[in-house]
Amino acid sequence: MARIGVFVCHCGTNIAGTVDVTKVVEVIKKLPMVVLATDSKYTCSEPGQASIREAIIENNLNRVVIASCSPRMHEATFRRTVASTGLNPYLLEIANIREQCSWVHSDDKEVATAKAIEIIKMAVSKVIRHEPLFPTQVEITKRALIIGGGITGIQAALDIANAGYEVVVVEREPSIGGRMSQLDKTFPTLDCSACILTPKMVDLGQHPKIKLMTYAEVKKVKGFVGNFEAEILQKARKVDHLKCTGCGTCWQKCPQKILSQFDLGLGKRTAIYIPFAQAVPPKPVIDVSICRYIKYLNWVATGQEGKKPPECRICEKLCPTGAITWDQEEELITEKFGAVVVATGYQTYDHSHYQEYGGGAYPDVISGLQLERLMSASGPTGGEVIRPSDGAHPKTVAFVCCVGSRDQQKGRPYCSKVCCMYTAKHAIMLREHDPEIQCYIFYIDVRTGGKDFEEFYLRAIDEAGVIYIKGRPSKIYRDGKKLKILGEDALIGRPVEIAADLVVLATGMEPSIGADELARILNASYDTYNFMVEAHPKLRPVETQTDGVFVAGACVGPRDIPECVAHGGAAAAKVSALFSQDTLTTDPLIAVVNQARCIGCLLCVAICPFKAISYEVTRDKRLIAVVNESLCKGCGLCMASCRPKAVDLRGFTNQQILDEVNSLWL
Amino acid sequence: MKKSRYAYYPGCTLKTSAKEYDISARLVCKALGIELEELKDWTCCGAASAHSIDQLLGIALPALELQAAAKLELPLVAACALCFSRLKFAAHELKEEKVRNLIGEVMGKEISQDHHYEVVHLLQLLDENTDKMKIEKPLHGLKVACYYGCLLVRPKEVTNFDDVENPQTMDRIIQVLGAENVGWDFKTECCGGSHMLVRPDIVVKLSHRLLAQAQQAGADCLAVACPVCHSNLDSMQKTIAAKYKDNIHLPVFYFTQLAGLALGLPPKQLLLDKHFIDPLPLLMNKGLM
Amino acid sequence: MSVASVITPQPVSELRSAVEAYSRQKISHCYQCGKCTAGCPVAYAMDLTPRRVMRAIQLGLKDELLASRAPWICFFCITCSARCPREIDIASVMESLRLLAISEKTKSSVEDIKLFHRLFLSFVRLWGRAYELGLGAAYNLLGRHPLNKAEIIPGMLSRGKLAFLPHRSKRANEIRKIFKRIEVMRNEKIIQPKSEVKAQ
Amino acid sequence: MALDYEPKIVGFLCNWCSYAGADLAGTSRTTYPANVRIIRVPCSGRVDPLFVVKAFQLGADGVLISGCHVGDCHYNEGNFHTRRRFVLLRPFLDYLGTEKERFRLEWVSASEGKKFSQLVSEFTETLKRIGPRKT
């Protein structure tokens, strides 16, 4: 039997000035099950709360209605008040007679009073069916999974690890470092990329709290915030990294060569390789797609058809520690995590889609990233800038901006943000490489929104003598040894033609391949270009709609290095804050399934935005829906769609809402 | 769906300045067992003037021929790239009811919407039938720059012909003929088109760019699929060479003439003698004649 | 356009809506990257490059545009449209400017190009087919271009590439009817240039 | 119709946008007719058509459902379902002999206090014009 106490607040004159509180109390007193109705000047004040406590105890109330300001204002406060008397805090209902009554009907006391009474009646009829609710506590696995070992992932990993939590970094390449490790210098400061990156890579590699899994990919993630379980595929390296010392004998002697992806086809690497000299870990993997001995083994396995490949095994013979393990296979590793940070970064747009620029067929039309490799001292040419076609030193270099950016026709309408600056950087650096080089930069707009960016751009003009030409070129064609670029100088309004030795296309950013699949694995949303979508573009930039899954860096959109580092740090802060608690309190105002009623149509499973409903088979072989309390956010979509009304929402049950409606005609 | 019978629209120039194109096309198709039924008393498609100064006329004129072909219930094949373009545009426009009504009024007869007008170009026709080609005299050693021009490939959504920047249809045919198709970057750049009369200076400038590029790419001749391109590149070539003082000398073939040669048709019949730049010496020293 | 003149931009202009109706293109989409001009084989011969034409439409500079040579120098090779990163069919925009200039009867510096088109069509109207020799002769005569292209005429004739007499199609009268009807429809204002075929 | 006729509106407001919007109308002291009784629900998607039908059966003159603007739903996609669901309800109300005008589905954000008060005033006006429901 409900024993309800109703407390009507004056809120000074805010309510009492308009609503005849005494009259209200008189009427409410008479309602069934209301054992006490009283008023106080400021219910939320300490004395106000004290009087509620006393009243609850004196009249041993088991339901409380407080008619005051909006529940969005003080519900939490009053729950605490109620709880302090030992009564379950969820046996409270707030009647909003200030924001939604006194303040909006100040023009008519009578009407306002009448309305206040009805509002309270509704609350009373609802509170009757309130039940004691208990928030559940879930343990948190204080272990973070970082997907992607670029500068963003590295920053996030180090920050979380330094906060004292365990971190696992999963990188699909044989080494961490990402795009930044391919760069020669960085704008606008021109400091050497490797010099600032490699120390961080080493820190990560040696950090006691960080487990590094390179050459590995996340295949599956299930669970929820605090309790994720991830399946990680460790690809076969054919090299035992516990034994390997990274001495380098193997990759110096391996006879099988192939174009290096790291050098973007400008250099070669061997079948057993580390992608670049400062790789972390500094230990090789064997590229099974080209290794001669692996080819031999396959040949044997497939009944010795065709020509017999050589039984090379040179690496094995030369390895001083016997680290080569031919029988090493890929393995699926399952680990538990409390939070996930997606830092999968970007790749550059493939300019072969631009047939009008040669469709990738002209060796001397290269991408900006390729130029980075040519300029890099550790690059395929040892830092000598030469034409890929004939090794000549280019004297006239033309740059084309917005290749794969601001181009609807090519399906990339967005601005990639960094190209204007890295192109200015390239021009400045080329001049430093060879003072005789003349650079022309074709641009649509030069965008220099960033610290010291504008100054950097002007430096390209003033010091490097770059000629900026406003206009997107329409065609690049071969003319003898030269490349001709057809453009327009939009400022003078005439067509221009430039004969260059080397053309550099400032290719834009697009999400790394597979970003969309990963998003699906994590139940995070992604946009039409496969960039990750933040929970809120301004206020929740590193969160996603899925609790415990964070995003950082260029996988969210085009970003430069400082931004990536900042976002990596931000994500780390969020993860650390999460891990600073031992358990997660889950809101008990969530869906519950009445198993007896459920007919197993599973409409709710389909409709739930949070994948919080799954199903199981009962002993009597019936399909029934089951709510995962940690995933459910209590939106109530499922009940509205549930035909047999088997699922209901605690604190907002169908019956309660109907009772509220009813009360208006009692 | 390969067909062996087509309605054929030669277009005005193929009866005069581009005779050899018309003749060689017919001979080659015959050799491949493709029947061309020339539209009876066909009239001009209006290119390139009609659509430039009178939108309705620009659609009505080709629409006449589309209907004639539809009456024969045959797909329509065009030889001239300009005609092809105009026919394609008309077919494209007539998909819209508003247009059908207007043009219907202009032509004084209902235009039913259930015709979908199928228009193809000779190149596509041959490309589809390369398997039927019995190569008697493979054109070994002949380096051909395939020139497509503008209107076959553009606009893609209308002509739906091939890649806009780097088409391959003609190159495939040329390879089947045993010749070498040189890679070059001006396959679809303009030759000056119909400005021959009004702005010869433009034609000279643009055609020169093409010829120079083809020569640089190592071609010893060009293959074209359009009478306008041909007359710009062939009949103007001497003027061009003179103006730019370079020794450009590139015979310009219709791709059908090269096909004819490879199929072993007598050169005389292919009217190779109609060209301003005499191709015979080239063919001789390549041992193809 | 006269270089010295100060322009007054017109965000909304009759010209702009007419062009948009004709060409079915959204002029505001143009962000002036210049790729159209860059690839236009005849931009060098234009007083307004294609990009500037687009800009002039955006600003509603009617007189400059209708007097401009550019739309007539354009011979519809469609390279601009094929490469426009904003997917604007600039070639159709040029075409609509030609049609507008015709319907507005404005004189431009390239009357002889119009003359060529008119002559070409008048022969089609007469014979049902083009008549190259007649066209050449008439154009050179009326356009006062004596001996224009004369160098190739003999060669053409000797190679039988020019017919002395026009070929008359038996369906020429059908053609003539079509010409007539269009005239009638125009005069009776059954079709307004601005609401013509392409107009939505 | 009686001049003193005061229609009764039952309003289901989502907790995150519309309920907050209604609160804002209060904090900014805009006044609107006192004809609406607000029932707070977590999401407009929580509202079961049954509630609406019930309200009309009991004698409500109007029913208002209000949630976040499409795309702004606190639960990502709740209001999409709301929209779909109540498109289906309308013909059914017809069938019950309830005029379309008596049921409204509106999007009011937490910052649209003014919009909410206007909405209520305007809805009340409409209902007064139609007059009491004939039962």
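Note that the chains take the letters A, B, C and D in the order they are written out, and that residue 1 is the start of every chain.
Here is the rule we go by: a contact is a pair of C-beta atoms (placed from the backbone, for glycine too) under 8 Å apart; a residue touches a chain by one contact, two chains touch by 3 or more.
In this text the structure is predicted, and so the values were computed from the model without any measurement.
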Intersection of the contact lists for subunit A and subunit D: none
Chain pair that, of all pairs, has the most C-beta pairs in contact: B-C
Distance from subunit C to subunit B - Cα centre to Cα centre, in angstrom: 23
Distance from subunit C to subunit A - Cα centre to Cα centre, in angstrom: 54
Distance between the centres, which are taken as Cα means, of subunit D and subunit B, whole angstrom: 67
Where subunit C and subunit D are represented by their mean Cα positions, the distance between them in whole Å: 59
Residues of subunit A touching at least two other chains: 356, 475
Residue list for subunit B, restricted to those that touch at least two other chains: 164-165, 189
Pairs of chains, among all present, that meet the touch criterion: A-B, A-C, A-D, B-C
In the complex with subunit A, residue positions of subunit C that touch it: 31-40, 43-44, 49, 51-52, 79, 83-87
Contact footprint of subunit A on subunit B as seen in their complex: 163-166, 183, 185-186, 189, 213, 216
Complex contacts: residues of subunit C adjacent to subunit B: 22, 41-42, 45, 73, 75-79, 81-82, 89, 91, 95, 98-99, 102, 112-114, 116-118, 120-121, 124, 128-130, 132, 135-136, 139, 143, 148-149, 151-152, 155-156, 159-163, 167, 169-172, 174-175, 177-179, 181-182, 185, 190-191, 196-198
Complex contacts: residues of subunit B adjacent to subunit C: 12-13, 15-19, 41-44, 46, 48-57, 59-61, 64, 93, 98-99, 102-103, 105-108, 150-151, 153-156, 164-165, 188-190, 192-200, 202, 206, 235-236, 238-239, 273-276
Footprint of subunit C on subunit A - complex, ascending: 356, 402, 406-410, 444, 470-475, 486-488, 490, 493-496
